[in-house]
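A short write-up of the structure that comes next.
Chain nomenclature is as follows: A, B and C, assigned in order of appearance, with residue numbering initiated at 1 for each chain independently.
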Amino acid sequence: MNNSLLDGIGSGQLKRIIVAKIKINVDLLEAIEEIVKKEKIKRGIILGGVGALQKAIFRNMFEFPNTYPIRPENRIYLEVEKPMELVSLTGHISPKKDGTPYIHAHFSASMVEGKTVVTMGGHLIKGNITHVRIAVAIAELENIPMNTRVGKLLKSYEMHIGT
Amino acid sequence: MNNSLLDGIGSGQLKRIIVAKIKINVDLLEAIEEIVKKEKIKRGIILGGVGALQKAIFRNMFEFPNTYPIRPENRIYLEVEKPMELVSLTGHISPKKDGTPYIHAHFSASMVEGKTVVTMGGHLIKGNITHVRIAVAIAELENIPMNTRVGKLLKSYEMHIGT
Amino acid sequence: MNNSLLDGIGSGQLKRIIVAKIKINVDLLEAIEEIVKKEKIKRGIILGGVGALQKAIFRNMFEFPNTYPIRPENRIYLEVEKPMELVSLTGHISPKKDGTPYIHAHFSASMVEGKTVVTMGGHLIKGNITHVRIAVAIAELENIPMNTRVGKLLKSYEMHIGT
């Protein structure tokens, strides 16, 4: 796999699809964590999400670090508090060494700015507060060698295919 | 479920995946409605969509209403008529009380503005007109308690897990 | 199918889900091509992708052509070289007449601009270079009449449902 562009590849079966409706005024990532815990999802793919947000924190890197891990000072945490529409939600769930599931998700949300509409996005952290009609769909996978490990370069959690 | 962040959660099986190619110069939401009707999809997840648009209406709330339902005057309906690329399409299909399927979808589209590229997004309503190469994928679900009901707070249609 | 808004519609089964972690400093589309080749995927849906990019080329049409095919002079190829987060990845894989798989994908990425965050998107071509934590999920399909053909109007590759 020397000339490969991949760090790892694996495949598995779809066990089931989980759909949840999320309450208003709650944290979106915490709600996804509750879905994962309640349904005992070890490995999965976030298929999407819709609905409205009332507050978002768009976490984005503005510079690559000289040494890893990436630190908060390499990032912007842009807080926006206004009506927003969740227009994309993507990511995956895979277990850490101790078996607890780790969620890696990115999202984007559209909003009115003046007379126009803009869309912002970023890494999903805590602090995104739901408004009405938020629903999320997750595909639970089985027999797929998909885990979360501390990456050698990254020095923080990332997907690792294999044991 | 008192401390729960969820209004409801359920799971089911994937019955099949439907893929459709949509004609040029037609309404995107009406085309998705035709897919749902033709294939008799009661419950499903919109997995994604690609292709070009020639006109979009980006519906976004700019203020939360004092009393529900949300009304047109709480929203902006930004019309854009130029070449656009559909870059995200997410949402779900679930039946209303009378059995007819309700589609809740959000989308985003990228476009050239001056020398740069911007992406806008919003709730998918009628008025988005396709250009070339629009294709949409939907996962049909079965044995999942996913319905559309008039929400108690919202006073309009939203996903309801349960009967 | 005269009044239909669809050029074609078909359905099939999900064979399996493939997940890959992609190396840093490689071409995103070439990596997806490697996934497709290595796993012998003929037909599939790109379910999503997350992670960081260090360079992106956002291909977008700025004018519709008078005659097809669409040409590079009808498009902008906006190059951005800075940290970005992949916030959506959507598309499909289907075989050309000679059996080789064709990948049609769109993506969007968020980034810091000044004190704010913007999201750009477009058609995925070569030239998008990965940074850390890029992972992609693909649903492989079977028994679905989904192919890639040169479109009569478009005069270049597009999805064709049927043989």
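Here is the rule we go by: a residue touches a chain if its C-beta (ideal position, glycine included) is under 8 Å from a C-beta of that chain, and two chains touch if they have at least 3 such contacts.
These figures come from a predicted structure and were not determined experimentally.
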- [ ] Name the shape of the chain contact graph, picking from line, ring, star, complete and other.
- [x] complete
Task: Same-site or different-site touching of subunit B by its copy subunit C, using the half cut - done: different
- [ ] Can you grab the rotation angle between subunit A and subunit B? Superpose on CA, round to the nearest 5°.
- [x] 120
Open item on the list: With centres defined as the mean C-alpha position, give me the subunit B-subunit C separation in Å.
Closed with: 20
Open item on the list: Residues of subunit C that contact two or more other chains, please.
Closed with: 14, 47-48, 88, 108, 118-119, 139
Task: Contact footprint of subunit A on subunit B as seen in their complex - done: 4-14, 45-48, 58, 60-64, 70, 76, 78, 88, 90-92, 104-108, 118-123, 139, 141, 144, 146, 151, 153-154, 158-161
Task: Residue numbers on subunit B that touch subunit C, as the complex places them - done: 14, 16-24, 26-27, 30-31, 34-35, 38-39, 47-50, 52, 54, 82-89, 108-112, 115-119, 131-133, 135, 137, 139-140
